[in-house]
Amino acid sequence: MTEQILTTFDDSPKEACGVFGIFARDEAVARITFFGLFALQHRGQESAGIAVSDGYRAKLYKEMGLVAQVFNEANLAPLSGHIAIGHTRYSTADSARQVSAGPFLLESALGPIALSHNGNLVNTNELRQLLFERGVGLASSCDSEIMIQMLAGAQGNDWVDRIREMMISALGAYSLTIMTRDTLYAVRDPWGFRPLSIGQFNGGWVVASESCALETVGAYNVQEVPPGTIVIINDDGMRMVQGREPEQSHLCVFEYIYFARPDSIIDNQLLHEVRQELGRQLAREYPVEADLVIGIPDSATAAAIGYAQESGIPYNEGLMKNRYIGRTFIQPDDRLRKAGVALKFNPLPEVLVGKRVIVVDDSIVRGTTSKPTVQLLRRAGAAEVHLRISSPPIRHPCFMGVDMATYDELIAHRLSVEEIEREVDADSLGFLSLEGMIEALQRPLGRFCTACFTGDYPFEQKAGGFLPREQQRCETVERQQVR
Amino acid sequence: MTEQILTTFDDSPKEACGVFGIFARDEAVARITFFGLFALQHRGQESAGIAVSDGYRAKLYKEMGLVAQVFNEANLAPLSGHIAIGHTRYSTADSARQVSAGPFLLESALGPIALSHNGNLVNTNELRQLLFERGVGLASSCDSEIMIQMLAGAQGNDWVDRIREMMISALGAYSLTIMTRDTLYAVRDPWGFRPLSIGQFNGGWVVASESCALETVGAYNVQEVPPGTIVIINDDGMRMVQGREPEQSHLCVFEYIYFARPDSIIDNQLLHEVRQELGRQLAREYPVEADLVIGIPDSATAAAIGYAQESGIPYNEGLMKNRYIGRTFIQPDDRLRKAGVALKFNPLPEVLVGKRVIVVDDSIVRGTTSKPTVQLLRRAGAAEVHLRISSPPIRHPCFMGVDMATYDELIAHRLSVEEIEREVDADSLGFLSLEGMIEALQRPLGRFCTACFTGDYPFEQKAGGFLPREQQRCETVERQQVR
Amino acid sequence: MTEQILTTFDDSPKEACGVFGIFARDEAVARITFFGLFALQHRGQESAGIAVSDGYRAKLYKEMGLVAQVFNEANLAPLSGHIAIGHTRYSTADSARQVSAGPFLLESALGPIALSHNGNLVNTNELRQLLFERGVGLASSCDSEIMIQMLAGAQGNDWVDRIREMMISALGAYSLTIMTRDTLYAVRDPWGFRPLSIGQFNGGWVVASESCALETVGAYNVQEVPPGTIVIINDDGMRMVQGREPEQSHLCVFEYIYFARPDSIIDNQLLHEVRQELGRQLAREYPVEADLVIGIPDSATAAAIGYAQESGIPYNEGLMKNRYIGRTFIQPDDRLRKAGVALKFNPLPEVLVGKRVIVVDDSIVRGTTSKPTVQLLRRAGAAEVHLRISSPPIRHPCFMGVDMATYDELIAHRLSVEEIEREVDADSLGFLSLEGMIEALQRPLGRFCTACFTGDYPFEQKAGGFLPREQQRCETVERQQVR
Amino acid sequence: MTEQILTTFDDSPKEACGVFGIFARDEAVARITFFGLFALQHRGQESAGIAVSDGYRAKLYKEMGLVAQVFNEANLAPLSGHIAIGHTRYSTADSARQVSAGPFLLESALGPIALSHNGNLVNTNELRQLLFERGVGLASSCDSEIMIQMLAGAQGNDWVDRIREMMISALGAYSLTIMTRDTLYAVRDPWGFRPLSIGQFNGGWVVASESCALETVGAYNVQEVPPGTIVIINDDGMRMVQGREPEQSHLCVFEYIYFARPDSIIDNQLLHEVRQELGRQLAREYPVEADLVIGIPDSATAAAIGYAQESGIPYNEGLMKNRYIGRTFIQPDDRLRKAGVALKFNPLPEVLVGKRVIVVDDSIVRGTTSKPTVQLLRRAGAAEVHLRISSPPIRHPCFMGVDMATYDELIAHRLSVEEIEREVDADSLGFLSLEGMIEALQRPLGRFCTACFTGDYPFEQKAGGFLPREQQRCETVERQQVR
């Protein structure tokens, strides 16, 4: 049975995976990894896994499901050791398979190696060919399996050399935690597409996709792993070495806008504060006379508060989210759809009635949810509905791993802002400008990958070019989910 | 294995169960019930079930788990008919058993009968004795089983008579949906302890614990079921008859403060609006000079916004909640606890640093989370932390079904407000006064059950008296959870 | 999904349930019950359950599945006490539901009561009506629930009186183990339809459907529970009292022929020996010149050896059984069926080729497997195939709980022996005569229920009469299996 | 939780895996494979899997459990195509892991490749080193993964060349079915350690470990795959080519004695007939005056019948086997053990009492069950117990994949036959002689691997030598079972 997800009101970009790692003597490293993954659950709900090493032998447990569903005391207990890495995987319809769950663990000439990966490579097909030519068969279509087999077969005599070799060939986004018999590595690609942070922990070290996970487990002295860097953590302490010359920074700007948790810090900025500032800037660019500012919960709340602060128009909650919304196999039938089933949100009529409402959202991808949301607000009594988006129009698909859409699906590729305004039936519509966004971010444009707004991709398009994530499933091997 | 719940940061009162019912020809009643239960998920996460009747035969499917976990197309498909009732059950440690899941379905002299129950009876032991004397053996300690066996064995020749007979004996809180072969009943106890609403649906009718569920499935002309009323819905349409003379109204005030969803309407008031008003009143009663108002997410957000509106002090988010927090078998070890594991909340330091912070919560029960929350805010840089509670001190346990605590556990029973202030290490602490609460509710005091604040219980204490919910497990029969 | 069972080669009568009980201080009674149920697994593979009492509180664990699948150390551990009863339930297509699994456990006016049942009542509908009139609603269509509710509501002041009261009303087959707070009871109906044995165990006592289970757990001084008897076992030791005047004995003769394990003893006879004697008698009645005697494995092996002994014709194995045959959801498609898929048996050609083969089976019900078996033997090279059945033709359905068939389905009701012989394509066919069977059993005819051979039912047919088991599902309540 | 197996009465050698393959246009190849695996269930109960190809894309489904548990219509349905291979895996305590389940499926330079393996390589460590040097990381300790990665990375331009290259390096036992995009291969090692047969099927072809599986699905013209041969089956029909020069035949003699089903044919001999002849030869070598011959069910039944035929002493069943014996997590406690818990067998006292009994078993490995069996028979009344073993004493461990025991564990390595006789408390003990066994097999000694009897291993012992299967788990990577 194919699981389907309630997408009626879900038009978010989708991203992939959270990674975690810890090296700490005399600590329950698997348990700490569990809580770290718990804090990274928003980055992936498909599967969860933990690999540990006790300095001699590596062990792995992974399964489909949420972190809290996958692990219990019984399967956590055998995961003893002083090094651990963990992984949560984002769910896409076609990857909901046991075989793609992380971390990956292999035995190799240099002993055991395990790898957790967040990101997406753009030269997957070439790398697969190189592995095939070397005589490696691949059990999945995962980038993670490609990278771990690249490491297992690299020329270098030590793991650092091997990681460097892999970094030369691998083009694209990768924030990795790697565990060998006695060492924990953290690796971030030279472009810095995805975040990766490191902190101290009671004499040891922890690494995580986002600082919020480090905060959760009580780490301190948190810093970011610089692009192109290999972090080496073992009984000699922590060292950072250059893995490959850093390229121009291309941090995915959607980490700021949507992906990362508001309580995470990237580049010394608390994302909640950044999102408020995006809202303030939006208020400056697209002011409108109104009575009320609301946000689409929960991702646009901070921007909405910022908009309210800047505009002086009162902020309030106007849409209530079903906290338990999640995956279900059950789809509303046509009757229910037409009857206006509001599965994800309910409006708060007393708040909205007779009001001129500014509703702030973080982005529009396909545009499928904007119109129903506007209608929901109007039916609840809103006199006017002014839609404000705290990011520019998305006009280009992402080739770096974000599961957004193809050109044809992107509403801002097909339609002008005015056409979208009519399409979604808003009284007015304003997208934050690229310049406004950059100003709010207080960092130069060149620091980010903004290809989805500008079409300036970080890698040159070759003949044949890169494919959006959705079209990269070229393999001839297909696996059923193992329960 | 005993499941344990991450309670470090959970000090909420606990309540029990959501009920749903639908009578609609030519509609997918089980599917609609599924979405109704989905909207009531906040009232119970332990088990979910749906019973249907096609006018001849009744069918039931129920299982432990969240609504979306329990149902799939395969088990929903056989549930065909034009009448359905559904149930979500709240999880208490000692009731996490298959045998307690609802709805209950029995065959009886008058044909099949199914029942979903929200509430708690106070004369359970007497009723059990009456059933024992009549010669009924009971498989569980559920009030629901008691009530359905009372109905199955009542004297009346029709179901309405039988429901009336049951209403005479049953003392306490019950909002019920009942399904027989050809009729849907909705029943609300004479005191109106728990909410129950009804709406029209495309030629048929729907009933639900809260109006938000009716809204979700697209019902209209929503009204409340008056206390003491039996609603009769069948092919002749909808009728309301008196089941028992209504008593003085005793709607549980905690439905307003905490239980019901903010987008539900009770007594013509949107709860979000009510909670904002509680916040405003709190600001009037306990003003303080400060820079920032934050709320404990998500339940105190509305009150915090209200406090901010009234005080003129800016509102912002200051604590970020892990959206995926939920049940886990894994407990933090002592080391993690001491390291300050913030599993449920992370603070937003940039928002808080150097600020005099007013933090609004909806209630304090045991007081176990208030101190760590204050500490979390201080560590994040808050200059001052002023705790404001949008309800009065809870000084008495609930005998009406809310899983609060015993006298000894209630911090406000043991300590004065000043002592609590010191205990939780707040710069100041203010509880909303009973009078202030009533004023904010814009209804007379006599409309509510406020026994947990006042000790004025709705039923006279007999010799032996009533027991708090936690002490009502007197039976000699214990069942293991079936997986 | 409806589970289907590979029935292509299964034409056995089906029977229901094994019961077990133990009273023993300082023993792991649940564990011993587990092993007792393990030995009774052949009497029911649908579900398994164990209830225990420690003298104060009763506990229950039951689930769908084989005994070894249902229980593990984790769910066995909490089942502490000194009294236990257990149940394995036979699987019929329409009863494969959680709600029918045994034992049943209820709380009642006299404290907890649990019951395991093997048998079938014939006046179920009347008893259900009586319970309905008394005001008891029933959650299942199980005889077990009827009986336990009859006990819970009986008039007597002690359990023995109540059991006696139940025995007066309940018409049909019941071998029971009953557990109350402090006592284990074993009860056998006045007709003695189903076996029930008791033995001593290390200072305590054990009861089981068959002596093989007593043997398995190491009991000694094993004896049968006489029909109409209530065995009372508690700290005062073991007593037998009359529950109801014993009627003429009606032990189901199919326990001898097929149901019970060959290593069980009934009425002082080892069933393996009895079945050999049936084979010897068959050889005397239907001799034929042949080269080889084989049996249908495994149930007819003893009879085949007996036939060989008496006839002097060599015995050998001729059909090999797939030991792992069992339930599967997968059905062979038509192509596979036509290709002669032999899923249950493979013939041994070298043993059969050119031989005149006597093949012994224990019974023919619908006759669906006899023809394919004869064909299988012929294709494997058998020169002649002589079919011998170690029981008389089954011409009447069973109303006492054996899931045989309706009149129309019974091949011996529709056809004469000669017609069956042609139908199944045997060179000759012989059924053991009723007289021959009785002679082999060395007990008078009056000792057995032989209604399926003779039509002499133990209970008078009333107007409306009794219904075969398959038609007794009259209730208007249907339950889905809970996982 | 570690699963434990009821081994009290299990002293059999253990072997690994059944393989199946089919190439047939317009047939439900996955369904047919299901039934083929069903017939091979005795060769492995740990996991089951099926891979299919439709000429373009390969798909796989595999899971832990019995064939009938793993597959249902829902997971079988997507497995469409005209080529399939299947695998059942034998369960050893330390390999009960998802990661070891077969078949394996990889994508490679030449497209998809899947492999099912029965056997054991002896130069695993060398082959792993070769793969590591080539840069392949390995996810398991399975020979199957080694072989499929060897194939994926072999030099040859077509699969036949690659299989040949693999056959040059791989030392040991392997009967394989291999599926590529458009071709089914069957491969048998040059020594012919494990059986492998092929038959025609309705215009297509089927391959299986044993002929009984071919028989089950209705194949015809069954023949064995000669050692060293590669069978190539595709739309051009079936071809056999030499993969590597066949070595001296070393068919594992235990396939004759115990492993293969009695209804399978190897080297034109029905194994049931062979085992009877082993029994006859045993009777000639070790006659004794006695009243009764019984066999240990079920594996020694044929040999016992043969002994009875030759000796003229009557055959009968004397021990009854619990048909449902299987894996359980529950262990008998000491009390139960001492009480003589007979979980696997119950004796038939009436058959045995006062008799001089010859009991035939197929082999003695550790000797752990022989003494309890002799005691069981004596307690049941046997006057004398003469133990006869239809194979020679096992004095050497197997390095070819049979999970027997180490030198220290082998009772016949530690003790002489006389000492064993005393140890097991038999009145007499006779092992079939090597010469007698060979005579009964009617094939020259050189045809078989009899190393466990003789110590003449098929491969020279190198420095460091080969390790028994139990000691080959040297890898540093360990995986938890994924449910």
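For this structure, a couple of remarks:
Labels A, B, C and D are assigned to the chains in the order they are written; within every chain, residues are numbered from 1.
Operating definition for what follows: a contact is a pair of C-beta atoms (placed from the backbone, for glycine too) under 8 Å apart; a residue touches a chain by one contact, two chains touch by 3 or more.
None of the values given here were measured: they were computed from a predicted structure.
Common neighbours of chain C and chain D (chains touching each): not present.
Shared contact partners of chain B and chain C are absent; no chain touches both. Using the average of C-alpha coordinates as each chain's centre, B ends up farthest from chain D.
The mean-CA centres of chain B and chain D are about 59 angstrom from one another, to the nearest whole unit. Chain geometry summary: the mean Cα position of chain A and that of chain B are 35 Å apart. Between the Cα centres of chain A and chain D there is a gap of 48 Å. Among all residues of chain B, those that touch two or more other chains are 1, 74. Under the stated contact rule, the graph of chain-to-chain touches is a ring, a single cycle where every chain has exactly two partners. Pairs of chains in mutual contact: A-B, A-D, B-C, C-D. Chain A makes touch with chain D in their complex at residues 1, 56-63, 74-75, 78-79, 98, 104-109, 111-113, 128-129, 132-139, 141, 148-149, 151-154, 181, 475-480, 482-483. By the touch criterion given at the top, residues 1, 27-28, 31-32, 34-35, 38-39, 41-42, 45, 66-68, 71-74, 76, 202, 212, 215-218, 261-263, 270, 272-273, 276, 298, 301-302, 305, 309, 314-317, 320, 322-330, 332-333, 335-336, 339-343, 346-351 of chain C touch chain D in their complex.
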